[in-house]
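Notes follow once the structure below has been shown.
Letters A, B, C, D and E mark the chains in the order given here, with residues in each chain numbered from 1 onward.
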Amino acid sequence: GDGGGSDSADDPIVVGISLPLTGDFSEPGKGVQEGYEAWAKITNDKGGLLGRQIELKILDDQSNADRVVADYEQLIGSDKVDLVVGPFSTRLVVPSARVAEEYGMLFVEPAGAAKEVFEQGFKNLFYAAPAVANDHYNHLADYLLALPADQKPKTVAYAAMDDPFAQGTAYGLKAKLEAAGIRTVVDEVYPPNTTDFSSIAAKIASSKADMLVGGSQYQDGVNLIVALQQLNYQPKLAAFSGAPTNPEFASAIGNKTEGVLSPTGYSPDAPYESNKEFVEKFKAQFGKEPEEDQANAYTTGQVVAAAVTAAGCAEQGDCQQKLVDWVHGNKVETVVGPLSWDAAGKPQGAHMIQQWQGGSIKIVLPEPVKEAGFLYPKPAW
Amino acid sequence: MLLAAAVLSFPSLAPNPYILSAGIVVLNYAVLSTSWNFVGGFTGYISLGHGALAGLGGYGTALLVTKAGLPSFVALAVAALLVALLAVPIGLAALRVRGASFVIVSIALVLILLLVFQSWASFTGGSRGLVVPRPFPGLLRPEHHRVFFYLFAALLALALLVWWVIDRSRFGLGLKAVREDEDKAEALGTPTFAYKLIVFVISAGFTALAGGLYALWFGDLDPVFQFSILTGSYLVLMALLGGVRNLFGPLAGALIVGVALEYFKGQFGNTPLHLVATGLLLGLVVMFMPDGVLPAIGSLFRRFGKSEQSSIREVTAAELQEERKREEVKQ
Amino acid sequence: MSLETKDVRKAFGGVVALDGATVKFREGQVNALIGPNGSGKTTFFNCVTGMIRADSGQITYAGQDITRKAPHAIARAGVGRTFQLCRVFPRMSALDNVLAAVRPGGLLGGLRGARHRAEVDRARGWLTRLGIEHLIDVEARNMSWGQQKLLELAGVLMGEPATVLLDEPAGGVNPALLDRIGTLVRELNAEGRTFVIVEHNMDLVMSISDHIVVFDRGRPIAEGPPSLIRTDERVLGAYLGV
Amino acid sequence: MASEIELVDVQAGYGRAAPVLRGFSVAVPAGSVVCLVGPNGAGKSTVLKVASGLLKPRSGRILVGGEDVTGLGPQKMLAAGVALVLQGHSVFREMTVAENVLLGAYTLKDKSKLAARTAFVKELFPVVAERWNALAGLLSGGQQKQVEFARSLMVDPKVVLLDEPSMGLDPKATSIIFDQVVRMRDAGTAVLLVEQNARRALETADTGCVLDLGRVHISGPAAELLADPQLGELYLGGRPAEPPVAPKH
Amino acid sequence: MPSGGLLFQSIILGLLLGGLYALLAAGLTLYFGIMRVVMIAHSAFLILAAYLAWWSHERLGVDPLLSMIVTVPLFFGAGVLLQRMLLSRLRPITLTMMSVLLTFAIALIIEGLLGYAFTGTQRRIQLGYGSASFGLFGARIAVVKLIAFGLAVVALAALYLLMKKTTFGWALRATIQHRDAARLVGIDTEKVAGYGFGLGLATAAIGGTALSLDTTIYPSLHWHWIGPLMAIIVVGGLGSVPGAAAAAVLLGLMQSLLQIPMGTTWAQTIFYLALFATLAFRPQGFFGGRLAQRF
């Protein structure tokens, strides 16, 4: 973009993004990139926003919090982009949101799910997904607590990555189960770079817990499951955040997936109107079905687009406040359903629960959207 | 002089706040690598762990602001003092060993602090990170940058001044003797351990100041980035690249590496090849300019001058004796 | 300043390097310490200067117990030494090598400029007296063996120690120069400095020393003036080997 | 008789600095000892480094047994029959005396000779036998020199270059070394000896050669040099003591 | 108080882990103790080998163990080249320090290239026998862990014999201790030093393959390994292969047992605590010896 002032009709709208294309978060980071690219292409194919084409300017922050700040600094201060949207992962969202905030920019983000994001007093931030991390398992908790007393799991083992998002999911569930008197027998936290899970697995296995809850991103979940399989541990229920929704999950754990649970904010089969278009065009563009990360990025784009269309402007300066105000006051229809936010930018929905059954992952909770019945206890893996 | 003028006029010349913030990052690197050079340059103890000291400064400042409610800059000073104090036991342990063992200890320092700051979440915020309140809450971001630019410049000037004073002093000569041969220095009456410890503490203090100032400017702390070997090694790279025996070596190195990192990022933005480029740069320096850029330039100029002198005497023993005899007669 | 040791023992594993060495060096004299290879002379120096810690025994200097003092403290008390496998600061010029021996007094003394005019002159003086003034700007690692040996000696003398311990000052030094070093030692001794010299060059030892201590297997077996030592049978048997 | 080793008009130096050897020539016939003396820093060690292949000469030639071997490295030189014992200390410090001595026979093809030679050096230097399994770096200075010398005796080269072999040795060991030099000469070896123990060395040597400023200052039969009073004063250290060089500042 | 079963299981896991540590530390010991080179890039080479094993399994469908047929000689050659072309050109006085930086640079380059070739995604070999295990007195032993342990034992024994029993080992040590003197006894120092380095890297090839059997790999994983490995070689006594092996097994065992009461993160601190304890009480290491400075 060449200066925020000019918004002549043939000037593209430049959207600045920093993404972890290398480093720890590179894999989900690429998913997010695809989502943004899909959004730009689909929107542009339909004539763009306010009649202007969308142009993405993507920088790589190397999964590094220092870099992500420098990137947004550059995008806003030097490249003078018209809009910015968020990077991947809570760890990078928090510092980058501050830059946007201090330049007065609207900041919709696809991956700052942990509650910390909403405790910073940001006024311009919005998380474009149905629920924050702590609420991901709400439907599962409801289901378990409604079981008859003799079927309810009595003991649970928790293992969570030391990461705001992963811990948020596991501990959200833990708080609810503990409150209902379900005992915690193992509570392990491991650093993000852990690769050897045999000791944690040994602890879990020896506790013989009825249920296992893993607060995982992806690979850590896989490693934990393999280590548990090596020790021949067979829980009645196993739930993991992140990992099981990944396309490579099944083969990674030797296809012994039957019964594994996972929360998700997105399903390609969801009935929302824009989702059909998204899935179809995404497939055409990338030759595969979109995943949660792609969908979240796409959702982010949808929210921004809605605000821009409503406010009738897209540039730095006063326009940004108009956009922020609009998002605060309105509900947006997205590929993950209708979204609205509280004052801190926290979405107000809940995640669905999926379960691996017969070699594919199906939505089992909540009742109204389920694709299959809940399998409990889960078969041996 | 020229340099000072260039640094001071930078904020008004910087075309946009981003360039200014990049300038701050480079200045921060310059302060850090100059601080590193107190230990690395004088005593030859290569520490890959200075990133940890900066991290401690940052976390110290942040915790003093958030937990103890101290005003930002008081917290900064107190944190730097605390880190300097903490450097005494660290130095007592680490400086006992030389050479490669010291390198390993310094790496261990980073890793152990990383583990502590990650695990001790109730105090440090763990991997959730820690948010540092803004010292000047009312300030707009460009203004904020400008203020911090001058603060970093002042800190750099102070660090350079102290380095210069030590460099030309007897204390400095003693430190250099430690670098060359510690036992010999000791035998000549240099209290080598005390010297090393003092300079380590000074270095730690400056490093912590830089780290704390950075925390105040940046606002977010994450243990993974505060306690990283990579940061520590960038400092070494910069100091080495510029020339560790040179007052302005680390500064020059910070400029070159800082700009190079930006450039590589621009060139190879979407691939990890920027790591390769950094690695190659470091490798080239080690192989071809082990004394640094500034000395390399210096010797280039000298080579255009006269050729190196032989250390061999130019007079025969007989002539020498004649000469001596004459001198004796004179006396 | 008299240097005395009482029953000093030092064993390295099974090897007893010092076996109850009780020695008294005369103040204000040129003392020599001789003995066959491996008789413990260097170990003795190392214990006296604190570079290694004796297993037992006591070392006193000028009436002060220095047995457990740090090497630099002993050096500051006035004991300077050279090393047998000579040690210089390889990447420092001859001038800096010598200047490094200047001991700053106190903290502020440490901040004084290292190249103080008077000291540079003094350093140059020492280099000249040892015949290596032409090397003043040469880095020590680029010097020949003998040049390094002389440089080390210059450095130690620059520190103006009251007692000078020299470990084989003649090793590898040109004989013509050696005569001058001998003269130098006598002159400095006349100024009041005490010397303890470990040396295998008997001509030098006999010509410059007032008092000789002979070591064998970690303890003194004889001592006295050169005239006496030259004819002592134990010495002839253990050391001179005639 | 043809010289076993000959250096012809050698120029050599370190790095980019001005040359240390400025047209130096020497020849050592088989079965003779040539002794090189000269002030510190005259270039004696440099001569030996060039002759052994450690330092490549800038110009000039090196002949061994009449063959031009200029520019060969130390390994090839050893194969050609030239061995050097370095000045200062060059034991392998963190290896045992045994390993040090046996490494001396690294190039020995005929391993059957090993036992005999080991026994020989053990007898020659008792300390080698006594401390056979001790780390060499822990020996005293003189003991290390003895181990080094013992190491060099494990092979029998045609040319032996010795750089101050007696430095740091007690009188007994010094005598052993000089005896050994004589034995080598008698066995037909060419010995190029650098010594600061100049009078003793010249007494053993056939030819003396005074090096100064990187050139041959004077050379001739050892006995003649010894007798020259002026040379004595300048290079060999004279009995008559000089008047004190009084620094009165 | 943990149950007896958990304790026994943890001891087994600790021993298996310690064996792997021992192998991974062996190469470091070689460069560091014998050649005075601080080889920061060793763990980067480990990861590289692990990637090659992964790649041959993933793309060529061969068992990762077979990849060693190629990687071991390849790494040996790479080590020789590395030594000849780079490390041997460093000045001897500053070798230790400069080698830190040079090998650091190499580590960055390897990490970058791995990231370029395979992306930053975490990878894991999916083996048919990946989760197979058998019981032993109530504990379970995973087959892959046992294979890795076996590799470690064989490689270490071979290395030890090579260093102690052959003249090559002697020549290598001599070369490092006094290069000129080594040349003068007829050792081809260039070649010997190169081979020594090659040997170290060959152990990295074996170690990396063993590693790849049962763990996730990603390009920056080597940073995670370098700390514990460095600690192991210091505790074991720089330069002593048996010392490093003993320290590795001991620390592996302690880490595994400490995880029961302390959790994963804190248990890792045992490496650094052991490191500091070693330096404070026995700087020459607890198992191997090293020459003290002589005057």
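Operating definition for what follows: contacts are C-beta pairs under 8 Å (C-beta built on N, C-alpha and C of every residue); 3 or more make two chains touch, one makes a residue touch a chain.
All figures in this text were calculated on a predicted structure; none of them were measured in a lab.
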Number of steps on the shortest touching-chain route linking chain C and chain D: 1
Centroid-based (C-alpha) most distant chain relative to chain D: A
Between chain E and chain A, distance of the C-alpha-averaged centres to the nearest whole Å: 38
Gap in Å, rounded to a whole number, between the CA centres of chain E and chain C: 46
Interchain centroid distance [CA atoms averaged], chain B/chain E, Å: 31
Rounded Å distance between chain D and chain E, as computed from the means of their C-alpha atoms: 44
Two or more partner chains touched - positions in chain B: 115, 118-119, 183, 271-272, 274, 309, 311, 313-314, 317
Where chain D touches two or more other chains, by residue: 17, 39, 41, 138, 233-235, 245-246
In chain C, residues with contacts to at least two other chains: 42, 51, 83-85, 87, 90-91, 131, 135, 142-143, 147, 176
All pairs of touching chains, each written as two labels joined by a dash: A-B, A-E, B-C, B-D, B-E, C-D, C-E, D-E
Residues of chain E touching chain B in the complex: 32, 36, 38, 86, 89-91, 94, 96-98, 100-102, 104-109, 111-116, 120, 219, 223, 226-227, 230-231, 234, 238, 263, 265-266, 268-269, 271-272, 275-276, 279-280, 283, 293, 295
In the complex with chain A, residue positions of chain E that touch it: 2-3, 5-6, 9-10, 13, 17, 115, 119-122, 124, 126, 128, 130-133, 140, 142, 145, 214-218, 220-221, 223-224, 255-256, 259-260, 263-265, 267-268
Contact set on chain E toward chain D in their complex: 167, 170-171, 173-174, 177-178, 180-188, 239, 290-291, 294
Residues on chain B engaged by chain C in the complex (per definition of touch): 165-166, 168-174, 176-177, 180-181, 183-193, 309, 311, 313-314, 317, 320
Contact footprint of chain A on chain B as seen in their complex: 15-22, 25, 115, 118-119, 121, 126-129, 131, 140-142, 144, 218-220, 222, 224-225, 265, 269-272, 274
